[in-house]
Amino acid sequence: MLKIENLTVKYGVIPAVHNANLEVREGQIVALLGANGAGKTTILKTIMGILKPAEGNIYYQGESINFFSPPQRVKMGITLVPEGRGIFNRLSVEENLFLGAYHRSDKEEVEKDLNRIYTLFPRLQERKEQIAGTLSGGEQQMLALGRGLMSRPLLILLDEPSLGLAPLLVRELYSFIANIRKEGVTILLVEQNATMALKVCDYVYLLETGVVKVQGIAEEVWSREDVKKVYLGG
Amino acid sequence: MKKLLTVILAFLLVGGASLAYAQEAIKVGIVMGLTGPWASIDTPALNGIKLATEEINQAGGVLGRPIELKTVDTKADEGETVAAVIRLVENEKVCALIGYCDTHWVNIAAPLAREYGVPFITPGATHPRIPERTGAWLACFGDNAQAAAIAEYAINDLGLKKGAIWVDTAVDFSVAVCAYFADAMKHYGGEIAYEDYFETSWTDFSSMVARLKEYQDRGEVDFVYVGGIPGNCGLIVKQIREGGVTIPIFGEDGFDTPLLVETGGEYAEGVVFATHMSLEDPNPVVQQFKEAYEAMFGNPPENAFAALGYDTLKVLAKAIEIAGTDDPKSIPEGLSQIKDFQGVSGVISYKEGSQIPDKSVAIIEVKNGKFATIKQITPQYLPDPKIAK
Amino acid sequence: MTYFILEVEDLWKSFGGLTAVSGYQLKLPPDSVYGLIGPNGAGKTTIFNLISGIIKPTRGKIIFKGKDITFWRPDQVVALGLTRTFQNLRLFSSLTVEMNLKIASHLHARCNFWSSLFSFPSFFREEREIKKRVDYILEVFDLVPYREEVSSNLPYGLQRKLDIARALMTKPQLVLLDEPSAGMNTQEAEDLAELIRRIKEEFQLTLIIVEHRMSLVMGLAEVVQVIDYGSVIAMGSPEEVQNDPQVIEAYLGTGDVVA
Amino acid sequence: MRKINKFPELWFLVGGLILLVGVFLADHLLNRYLVHILILMGIYSITTVSLNLTNGYTGLFSLGHAAFMAIGAYTSTLLAFPIALREAYELPLLPSFLGGPEYSWPFFPALVAGGLLASIAALLIGAPVLRLRGHYLSVASLGFMVIVTTFAKTLRGITRGSMGINAIPSYTNIYWTYLWLFISVYVVWRIVNSRFGRAMLAIREDETAAQALGIYPMKYKLLSFAVGAFFAGVAGGLYAHFTKAIRPFEFSFFLTFQIVTMLIIGGMGTTSGPIVGAASLIALRYALKPVEEGLQIYGLIELIYATLLIVIMLWKPEGIMGKRHSRMS
Amino acid sequence: MFSLGYLLQQTMNGVVLGCIYALLALGMTVVYGILRLINFAHGALITLGAFFTYFILVRLGIPLVATIFLVLGFGGLMGLVLDIVAYRKLRGGPEVALLITSLGFYTFIENFMKMVVSPQPYAFKAPSYLTTIFRTSFLTFRTIDLFIIGASIAIMWCFHLFIKKTKMGIAMRAIAENLEVASIMGIEINRVISVAFVLGSALAAFTGFMWGAKYGQISYDMGFLTGVKAFVAVVVGGVGSVPGAMVGGVILGLAEILSTAFLPTYFSEYRDGIVFAILILVLLVRPSGIMGVKEEVRV
């Protein structure tokens, strides 16, 4: 579904991602793991079109999308749930959700999806008139996820969804992620919380300083020692 | 530094080219604010000057030489004004300067001309302290005359005693004319209820109108005297009337503009103001001037400043003739000898030692959208010029 | 009683309703290297911001060299000998390397305004001294060839180095390094560790290092504090901490998935 | 090359001599109109050079520069106004501690006094306003400018109100102007190359980082504001004694925007930018004047001016002398 | 000393003037909130709008309702042109470049207008149904005053609804808050910004029409000071806030009128000084304006 070939991304002169190759198959959850500064977020932003690749190609459903703008990519079914949630603090919960469906013109369906999100996250319904900036961290993450789903994505890119959440909330969150997958959405997940990610995902890429170091099926990778090493050092 | 030198060089070239000039024509420098807030009176004045030049040249010129105008637009900017005077005197070697219908600009340009020993005549700047301060000559009456004329008319003819004064503090002439008016009112036994202040740039006068209405309703004022300029007199009159004020409105020569009726509309009816002359005057001199002006510019003269400009150049030409030379040093001598010169804007003669002509003041009332002359007044009492700043 | 160069007591900071630092404590002996680790968003950088005076705590006390600096301005804190680097590299990006360093000599230039204007000898003497120190620092950090380079044009690794070099221009005793190796590759990071070790000796520094790259912290730090949710969850030697189950959980998360 | 670079003061000495010769030649060879334009360039250059210190080097985008010019212009005018003319223009006599009714100041001390008063005003207004950032600072300084012009209008006993003061003695000549231009360039250059200027650069680049290196931003912001104001005040004084008439209206939006435009067109934060900007825009204005008069389209200059402004901003937003920095966001 | 009628009359004067400022501020605040652009060209659009209505309403006598729509369309078109010609290219560039460009546009339009319509002011003869005078024992006012207040409130309300309820309005607020995240929501940034320009400029042109109808005289340079004051209203009210623009505008209008109405006449000239002193005070006490949202300072 998504294929990245020889991707190099630079900030000015500084390469953040180096020659990365990865692939996401339809219906999978693929995790992109690695320490801070490893280039995970950069890869997601490049897939979304916010950053321009210095080299390499991104194929989505067999088509190169290198020259597509972010809105075009959204229309093609890619959605990014940004790191730190990136919700609009000054907008209400419902407006945030509504923006997720910005490119859609099927009003009734949007309304239906809205209700679906509310049943998925009842707490959002309780607070739908509230300004999003006043939500708690967990609620904001729910909102960001819900907003991502409102665009009816085929591929959803999750950037550190567990960041700053209490363990209990993290667990809750992951059960949602598992649910989303059941509905047929493909997921590319960037995580620091490796244990959690490895439990739900099918395939794993491990990044270190912009380079893919390890890849493999989740269970296999989990048992390997280098995973721990990347995180906790020698 | 290198850049600066290049620039200097460039200027040497430009300057050199403009130095060449023709010998035979008599050069007269014109400085006017053709852009900016004074454009609406300076432009007609310039047109009047052009018309007069055209006529003189058609008739064979002065001393057998044609008159050539060197006109600079100074854009209502002090730096440009100084630059223009220097350029006209230094580069163009003009024999005299004519310029501006507002006192402020004369106050800048004329002293500089005096330094060069070049006479400066203003068509329409009416501050009576101009000669004292700048050495310039006026082709029009002083503000003290027009203020006294209105005071005389209001008190003696209409019996109105309690006036309010609106002063535009941003222009010298308005401040001056209002001070003379207050003085003349006192002289004739009237009183000033209060003075209110505004600035040229204002558009909204509603708070002042409301105050005036308050005074009117309490019976504390009989009339209001407004020191407006052409750009805002229509606005002021309209707002005063719309605000429910019914007492008479008096103005000065700044009111002499078509905008008074155009903007004021029906509300301008009955407004009385003092000015240099009336273009409705049946006097053949005036009517001929009107026709010639319309023939040349496609529209009738906008206001009295057109006539003043016309007269100014004619006066200058006459002075050159009297002096018999266009030497700037001799022109003032010629000017001082002008007596009973019949101009479009009235009879001009300079009294001994005075650079302000004795002219009568036309009192004009707006009737049916037209300016109608009520009377010509030569004020019996002239406030001391020193009263005003 | 032992002397501590820096003591932090019961430090709290909340932004709006969010508590970023809750009851952080530290007693730092002089001439030591402490590591500060913890997952993303644990509050490490906030702690640095609090100590260096860039933000003010909600509650708590910070004592440096026996002085209570809790509510001092950052420049006052630096003047006392405590400086820091930034996680997101705040170099003066349109200025040259030399200029970046010269700016940092600010605290130790005493020349007054008038002698600066009119070239009194004291000005030249001082400028020469500054230049000497810049030369020396450039030497130590192997940055000599890049002296005239605009700092934003340097390779990333060198920018990181410059950031530390710049901090040292202020002649500090205590340096807070905020993720010095972020964005470096393994080789560069190893070199950096070596460099940090070297400058610690050379300049007799006390260091606190916030770092994600475990190998670096483990190699350098004598004592490691692990932060999560704004407070210390573990503290000890690198080995102890590495095997602490609480730490592993903080980093890798619990293995307990509901779905 | 190296040797000279070691003593850049030498450059200044040489440059100063060349300037002196140039000014002398200009004064004697050129006609007064061209000298007039050169003086105007000089005065505007002083203001842009001083504005460059605040806006370009310290990164405080102030729009209040005309206010400092106004303060300098009024101060020096009032001090140096000839006793003999005071009565004709209804100007007050100097209070006794400033010289009394018998004495009007010579030009130089009057200019310096104007500059100093502008500096003091800068310190007073800067202390609260310089806390603001970005556009808020710009707007607040613009407000300060309006307030200064308001005072110039309303303190009629001193300033003659909106009508302004006329017949100011024409002390400003090309020597004074270029002497002060030289001084201002020299001072700004010295500041920029000392720890004070380095602190200002640091504040422009990153205030937080500057503070973390021991620089107290407020102090240097104020210093930069005050020094900039000093030269603006001096330039205002030169301007007043050059145009020989001032009124509050002059020192308002138009002047402020004109100076800022010159600086930006020339290139902020560069040594030569402000002078190039001021000189080229004034040169353009006067070069176009004959064209405008020839075609009798008054207002053409402004039209070309504006077009040029837009074109430069679109294609070279860092100004004529500016360098493009690739900045990381 | 002052009668009740006087107090009421002056307050009404202030409110009417304030509504004009408010409408201008509204157009500016939308653009400024998104782009951080102090759009001086906004002032020029007042002039353009006023002359446009002068020619179609006064000269051609097109009915009022049609005029309103035409002037809105005209203003919008001009805004679109400005955006496409210059502002779009400068997006993401230095703020000062944007500022100077907008100043350049102002100068250009003003001088262009001067050439086209001459430097003389024009009398703007509004249809009589707009200038009918009503006199009560307390107040004297005209239809146009009511029209201005009514139109301002109506437009403000529509705008409020637009910003709050419509897709485009929500998108605008999203862009103002975070451009990058907005783009990954699938919002076409350029299009939305253009719409903001079009709306703001349409409002400016419409204000020009109201200005002309209220005062009866228009000139090529009428827009500048008004534009600057509208920006002051934006900052006082709080950048990016629709009710803030209204509050800021009315405060400004009241400050102007009441300061001349209740201080001794000698203080009239302090009017602009007072307005800007209020601005500085508001900035110092509440840097984000009365209704503004505090901007986050990130360390």
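Assorted remarks:
A, B, C, D and E label the chains in the order they appear, each numbered from 1.
Convention: contacts are C-beta pairs under 8 Å (C-beta built on N, C-alpha and C of every residue); 3 or more make two chains touch, one makes a residue touch a chain.
Worth saying up front: this structure is predicted, and the values here are computed from it rather than measured.
Note on connectivity: the fewest steps through touching chains from chain B to chain C is 2. Common partners of chain B and chain E, by the touch rule above, are D. The chain pair with the larger count of C-beta pairs in contact, out of A-E and A-C, is A-C.
Chain D and chain E, compared by their mean Cα positions, are separated by 32 Å. Between the Cα centres of chain C and chain D there is a gap of 42 Å. For the pair chain A and chain B, the distance between C-alpha centroids works out to 76 Å.
One finds 35 Å separating the Cα centroids of chain B and chain D. The residues of chain A that reach two or more other chains are 12, listed in rising order.
The set of chain C residues touching two or more other chains comprises 54, 152-153. Counting partners per residue, chain E has 114, 119, 225, 269, 299 as the residues that reach two or more other chains. The touching residues of chain C, when paired with chain A in their complex, are 18, 39-41, 152-156, 159, 179, 182-186, 212-218, 229, 242, 248, 251-259. On the chain E side of its complex with chain A, the touching residues are 167, 170-171, 173-174, 177-178, 180-188, 293. The touching residues of chain A, when paired with chain C in their complex, are 12-14, 16, 35-37, 137, 160, 162-164, 166-167, 170-172, 174-175, 178-179, 192-196, 199-200, 208-211, 228, 231-234. Chain D meets chain C in the complex at residues 9, 187, 190-191, 194-196, 198-199, 201-202, 205-206, 208-216, 223, 325-328. Chain contact summary for the complex, chain A toward chain E: residues 48, 50, 69-71, 74-75, 79-80, 82, 86-91, 95, 98-100, 102-103, 147, 151.
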